[in-house]
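Input: structures, listed below.
Shared between the two complexes below is subunit A, which pairs with subunit B and subunit C, respectively.
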Partner chain A sequence: MKLTETASMPDTQEIQSIIFAAIDELNVQREADRQVEKSLDTKLFGKDSDVDSLDLVNLIVSVEAGLAERFGAAVTLADERAFSRKSSPFKSVHSLLAYIEELLGEDPT
Partner chain B sequence: MVVFSSRLDRSYHENLQKLLFFNPNQAQVAPEILRAIERYGEPRIAVIDDRLRVALGSPTEVQTLFVLEADQPGARLVGVVVYTREEDTLVVVYVALDEAYAARGMKAQRLLFLRIVDELRSVARRIKGVGSLTLFCGGGVARRIRVR
Partner chain C sequence: MNDSVVLITGTRKGIGRYLAEHYVAKGCRVVGCSRSATEFESDRYEHFCLDVTDEAAVLDLFARIRAKHGGLDVLINNAGIASMNHVLLTPVKTAERILKTNVLGTFLFCREAAKLMQKRGKGRIVNFTTVAVPLKLEGEAIYAASKAAVVTLTEILAAELAPMHITVNAVGPTPVKTDLIRSVPEEKLERLLNRQAIKRFGEFRDVANVVDFFIRPESDFVTGQTIFLGGV
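Coming up: the complex of A and B.
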């Protein structure tokens, strides 16, 4: 994953906006009483989550597209690197944001 | 650990039947399943050369990817995905996950559906002329995922 020359370094607020925009996109497809909350504490899977497997895939793909558009970065979030972590980066919005910051902040060399 | 395989021995027939046709999670995605049946036909299990495969009640040629739990003796079947190529994209036609791996199941943290998508991206990348993966989400919305 590389940032293009024209892209600026990621900002936490911008990444959060991209994730929240992906949640908005997801909510369009959900009933009014099943909206996913736009909060850092929102759980993305497990018993306390209202997000199902297909929603999670949809959300991750939307975030990847948002990152590509904003930062010119082809980021794959759901891969073996993420799956092999002891604590999943997809546990909550907060952990997803931290994971994206980590990926985008890496030295491309 | 889960492993992916395009082949499944016929001894898994009952497990595959249970996963595809008697899956408790199906009720949650009933509209999506009905849409897929309307477009591609009903899935059925076929036995060819002692191997199982999923065929459709339409002329569409499909591929099947089976997901097995390999960290237990006997390699339990925990997922199946049926997909087809349509021009420059691989279309996911059916997905069935074991209840334990569903979003609120005991093994939800293993993120099986995301792993399946990752595997399908790899498959798509290996096919010349294929640049995306297509998933049908809620409301029949087609979501294209770039793979290159």
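Coming up: the complex of A and C.
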């Protein structure tokens, strides 16, 4: 991930609110009884999740857009490292948040 | 089409330049790109110098489109390169360059465009293939293979992006008198035209006509299709 030179480091709360805003966007398209819960424990895929694969794609793209809007720079969450890990960073809201924090903590080169 | 945001790759010359002027004339806000600067100027046209295979530069372009226009209505993946050679005389470097620009460049722009379009829940993508694919033209193995990949990419993206109401189609022009075919011998072009049902060179307007059809609002039920010109 790359940040612009002027971008400041986000805090956990800020990243969480970007993820929750993406869940809000997703929920607009879903029926009232199938709303995705805004919680760190929410599973984003697997048998315990009611987020389907297309919803997950939309969610990741919305989070990327949210990060880009906030920091004014291009963000790609779905990179090779994300897919090659034993434990997917897209498994839950909590793991996604940790993964974003990890990416943002890296030297942006 | 008024005020639609249209992104066209490879707009410095040839078909891309024609399409940029064509959609500016229709009242669209056109964003174009090519490796070098263009002479085309309009208050409805903005040009970016970049290589379509440079991911960082492409991501930056889309971030700028997002910031300035808030979204994207149409992507026309026109940028492409060709090299005509017998397979035994084709350097790996040339093959790599063709595959990168024609396949990876198209993929990268489709991916980023779809991210922008997905948010608005609509969009049109038009990719460029060639009659060299169905005609299986000798001397164009890598070029035709790269453009066959574009057809497959188009068909699968059409399915993957349909739930987001984004259509993905392709146009396959016959030879059009541009730099792309300037090194092809006259008699070879003559033989090629003879394999078309309508035996003439394509014109820019022929290509624009198919693109117009794919991107009009009424074409929202047309996706995953390739239209070859000239009756090939």
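Note that the second predicted complex is superposed on the first by the 107 of 109 C-alpha atoms of A that agree within 3 Å, B and C clash if a C-alpha of one lies under 4 Å from a C-alpha of the other, contacts with A are read in each partner's own complex, and residues count from 1 in each chain.
Everything that follows uses one rule, which is that a residue touches a chain if its C-beta (ideal position, glycine included) is under 8 Å from a C-beta of that chain, and two chains touch if they have at least 3 such contacts.
Keep in mind the model is a prediction, meaning the values are calculated, not measured.
A.B. asks: Once subunit A from each complex is brought into register, does subunit C clash with subunit B or fit beside it?
C.D. replies: They clash: once the shared chain is superposed, the two partners overlap in space.
A.B. asks: Looking at A:79, would you say it contacts subunit B, subunit C, both, or neither? Reply first, second, both or neither.
C.D. replies: first
A.B. asks: Classify the contacts of A:61 with the two partner chains as first (subunit B alone), second (subunit C alone), both, or neither.
C.D. replies: both
A.B. asks: Which holds for A:70: it touches subunit B only (first), subunit C only (second), both, or neither?
C.D. replies: A:70 sits against neither subunit B nor subunit C.
A.B. asks: If you count the residues of subunit A that each partner touches, which comes out higher, subunit B or subunit C?
C.D. replies: The partner that reaches more residues of subunit A in the superposed model: B.
A.B. asks: Using the touch definition from the top, say if A:30 reaches subunit B (first), subunit C (second), both or neither.
C.D. replies: It touches subunit B, and subunit C stays clear.
A.B. asks: Based on the superposed arrangement, let me know which partner A:49 touches: subunit B (first), subunit C (second), both, or neither?
C.D. replies: After superposition on chain A, A:49 lies in contact with subunit B alone.
A.B. asks: Is A:94 touching anything from subunit B or subunit C once the two structures are fitted on A? First, second, both or neither.
C.D. replies: Neither subunit B nor subunit C is touched by A:94.
A.B. asks: After fitting the two complexes on their shared chain A, where does subunit C collide with subunit B, if the options are 19-27, 109-117 or 199-207?
C.D. replies: That would be 109-117, the one stretch with clashes.
A.B. asks: Could you tell me which stretches of subunit A are touched by subunit B in one complex and by subunit C in the other?
C.D. replies: 54, 58, 61, 64, 76
A.B. asks: Which residues of subunit C touch subunit A in their complex?
C.D. replies: Of all residues in subunit C, those touching subunit A are 56, 59-60, 62-63, 66-67, 115, 118-119, 163-164.
A.B. asks: Could you pull out which subunit A residues touch subunit C in their complex?
C.D. replies: Checking each residue of subunit A against subunit C gives 2, 54, 58, 61-62, 64-65, 68-69, 72-74, 76.
A.B. asks: Which of the residues in subunit B come into contact with subunit A in the complex?
C.D. replies: 28-29, 32, 97, 102-104, 108-115, 117-118, 121, 135, 137-139, 141, 143, 145
A.B. asks: In their complex, what parts of subunit A are in touch with subunit B?
C.D. replies: Residue positions touching the partner: 29-30, 45-47, 49, 51-58, 60-61, 64, 76, 78-80, 83, 88, 90-91.
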